[in-house]
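After the structure tokens below, expect a handful of questions from me.
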Amino acid sequence: MPTVPTNAVPAEVTAIDTQARGPLLLLLGSGLLWLVVGGVLALIAAIQLHSPQFLADCAYLTPGRAQALRETAFVYGWLANAGLGLALWILGRLGGEPLRGLNWAVAGTLFWNLGIAAGLVGIATGDMTSFTLLQLPRYVLPLLVFAYACIALPGVLAWSGRRADMMYASQWYAVAALFLFPWLLMASQAVLLWWPVRGVVQPIAAGWHVQSMWTLWLAPLALAVLHYVLPKVSGRTLPAYEWASLSFWTLLFAGAWTGGRHLVGGPVPAWIPTMAVVAGSLLLFHYLVLVINCRGIMGAEGTGAGFLRFGFVAYVLFGGLDFLASFRSLAEGSQFTLVEPALREIGLYGAISMMFFGGIYYAVPRLTNRVWASGAMIGGHRVLVIAGIVGAVLALAIAGNSQGSALLDPKVSFAEMANQMRVSLLAHTAAQAVLLAANLLLLVNFLRSACCCGTSTEAPPALFAVESAKEGSAS
Amino acid sequence: MKNGPLLFTGLFLAFLISFAGLVLGAHGQLGRLVPYHDDTEGGSFPQRVSGLAARGQAVYADLGCAACHTQQVRRPGFGSDKDRGWGERQSVARDYIHQARPQLGASRLGPDLANLGSRQKSDEALYALLHGGSATHPAYKFLFETRTIAGEPSPKAVKVAGAARGTETVPTERARALVAYLLSLSTAYDYPEAKPLAPIAKAPEAKK
Amino acid sequence: MSTPSQPDPRADQASVSDEKLLAAHEPILGQQPDEKGKYRLLPLALLFIFSGMIFFGGTYLGRFSGWFDARVFNEYGTPPKAGAAAVPVDPVVAGKKLYAIPGACITCHQPNGAGLPGAFPTLVKSEWVTGSDERLVRIVLHGLTGPIKVAGVDFNSAMPGFGPGGGFNWSDDKIAAVLTYIRQEWGNQSGAISTDRVAAIRTKEAARKTPWTAAELEKLP
């Protein structure tokens, strides 16, 4: 592999980046803000797990509400904003034309964040619904659908007006996420909140919603980032690219069918959890092809690649564990325990968020045309966030494991169970505190980079010149 | 892939097929479940609950009780639900048809409540737990009002530990709805579809 | 890979431009696996694995689908058959529920079957309960009035009928169930009374409208 760059040709920062700077930085920035808000809420929820009397008298923050607030701020606040920002950026760049309709995106971002804020207030004051990842009160949901459509508009325009006829994998994934999320949010709010279906059909629809959020929205957004940044930094084509489309369609067609995995042993017909196992086994193919195609990230260098590597491993790990947990024999012990939040932490934090971090580290210097304000803060963020995620997941998994065996033994009371879990739950709180610190670092670094108060002058455009010597290996 | 409309159609189909299959399919099967009429008992099951209890479900939902409590009993032999006294049989779809918002829950940091009304007959213990908390349960003092007794004590007042003389603790409307709801939870009635399998059919039928 | 100097962590360098990225991947998608006249191992292996997963999924579905029946909650279960819906009911269990219906037996004869001394006769170790089923069925069908001696104690009250014309209008199988229950509960150990037996007596006494008296019944076997 050639190592020495010979001549620097077209500058990597183009008019596309310059023109999209404001709107996209707004999206990414509000995402990071929500990430920190979610971190504070996560800390409160973590403390309540081992000390139930913490803030017990505050009606706005009962354990159930704190958890819902945290999840909502994290998924609808952080993941949505950051994911959309990155998806628009990727679609714009691969489309080859400056993004159109960015004013819509700015307005949409404002409405979206207003909606989330109103929704969080609604949850805290008693309008929470009881569906996982859909706890937002129903009166903000139509606004969210509208705001999402506004934000997505430039992305869709960039995709339909793309210069090249052909579409790259990142475009499939990003477009899928842009289109599918409003549909699924409309469908699930219709059957759950506006015209509620009867009895246990509600939990079934809620299970479909949770798995759809994952496989039809968050995973495609993260994979769009991964598929884009990987060849950009490695300069190589994906080794099994001809299979990538089959992998893509497997994810989309099989993914949402895993909805019954949360209802093992529950009051639903047996075919629903069975279907989850079947769909899960098909999804393994998606993960397999992804491993073959994106294994190059393991050796790739750079700040963004470091985060993407962690996210890639976590994504595949999550896929495997999620599949295993849908089997009845394993679910008997792991269901209803903290193993489930541990899995969610691997998925939402370890996989999706880490890939978004990678994307942000890669994209922001190009959007600002300036290097990140502080290299030390990047290093600090990386160390802390990895320590935090690994710590939180391990602590929850250990606690969940002892909870699982305690639940299976009818002689163990809930007080004894809480005693057994105490140490690991304390460790979990510590890990959440570390995560909060990590994300504060990222937020500060981002604000300093975006607001021109960083190392402003040392940003020659040539910094982002594409090293043409490596281009040879791309074909 | 370069065909935009094809991609769009594929996306729509992926969304539609899973929604139709899983959600609408289940709705078709379970959406029209009717109560089971038992001639012997002279009534239909599940029975409707009082209006106060129905409002209590909304309180249960918005406080987020489902974050720590489930309301679904797994079948005997699958988990320890039966041995813990949570219910003699598995919860089935019919149990939930009168509930506006079934609270199945996904986490058991506390006991399952699907059948609480069958094992907990009086509201006193529930008020005490909600007001005073325990090692594992938060004390939700905001569900109660403490006031000085002026004239006759309120008939709704509950006994709590450590109350000052001359004051009484009265549950709020929400607390009374919540407790009425909790006491209404019962899966005591056996539906035909909830019967455990006969021992012969229990073994996985490997050969067909 | 050795680079001359440590790359700046504050900005990642790109190795390839967006146009190049698109152009490099475009031709791959349309490629045939055997383009160069030889089969590569990877596509074959992937195809094999994909079919394997579909096969696993299909087998699993076939085995644990519960026939896609809404009434099957246990993956090992089978749907209830249409004809066999009527599972044989244990008359003692059904009878206990009937006995306890407010306003029925339990009101006078009490939960323990002992009745109320001086007002309502006991059912425990009573010769009227454990003895002739001809008499017992008639009492429940049409009621009883006037003086009666039960277990050596004299009573004089009235019992309503639970058969035709009564407020309950119980069917034959309900009467059979509740009688079987009281004949086998509280230490009583008499034989069960079948639905057919009740039906036969009901037909025989179709004309009877008034309650029985002890004297009339004592003429029966």
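Here are some notes:
Labels A, B and C are assigned to the chains in the order they are written; within every chain, residues are numbered from 1.
Rule of thumb we're sticking to: contacts are C-beta pairs under 8 Å (C-beta built on N, C-alpha and C of every residue); 3 or more make two chains touch, one makes a residue touch a chain.
All of these numbers come straight from a predicted model, not from anything done at the bench.
Among the remaining chains, the Cα-based centre furthest from that of chain C is the centre of A.
If you tally contacting C-beta pairs for each pair of chains, A-B comes out on top. Measuring from the average of all protein CA coordinates, the nearest chain centre is that of B.
Averaged Cα coordinates give chain A a centre that lies 45 Å from the centre of chain C. Once the centre of each chain is set as its mean CA position, chain A and chain B turn out to be 31 Å apart. In terms of their C-alpha centroids, the spacing between chain B and chain C amounts to 21 Å. Residues of chain B found to touch two or more other chains are 1, 29-30, 33, 75, 90, 92-93.
Touching of two or more other chains is recorded for residues 166, 245, 267-269, 275, 328 of chain A. Shown for chain C are the residues that touch two or more other chains, namely 29, 70-74, 77.
Across the complex, chain C is touched by residues 1, 29-30, 33, 39-42, 75, 90, 92-93, 192-195, 197, 201-205 of chain B. The part of chain B that touches chain A in the complex is made up of residues 1-2, 4, 7-8, 10-15, 17-19, 21-23, 26-27, 29-33, 61-68, 70, 72, 74-75, 78-80, 83-84, 90-97, 99-111, 133-142. Considering their complex, residues 48-49, 52-53, 56-59, 62-65, 67-68, 126-130, 132, 159-160, 165-167, 172, 175-176, 179-180, 183-184, 187, 191, 196-205, 207-208, 212, 216, 245, 249, 252-253, 255-257, 259-260, 262-263, 265-269, 272, 275, 328, 332, 335-338, 340-341, 403, 407-410, 414-415, 418 of chain A touch chain B.
Chain A contributes residues 1, 3-4, 10, 12, 93-94, 96, 164, 166, 168-169, 231-235, 237-238, 240-243, 245-246, 267-271, 273-275, 277-279, 281-282, 284-285, 288-289, 292, 301-305, 328, 361-362, 365, 371-375, 378-379, 463-464, 466-467, 470-471, 474-475 to its touches with chain C in the complex.
Every residue of chain C that touches chain A in the complex is listed here, in rising order: 1-4, 7-26, 28-29, 31, 33, 42-43, 46, 49-50, 53-54, 56-58, 60-61, 64-66, 68-75, 77.
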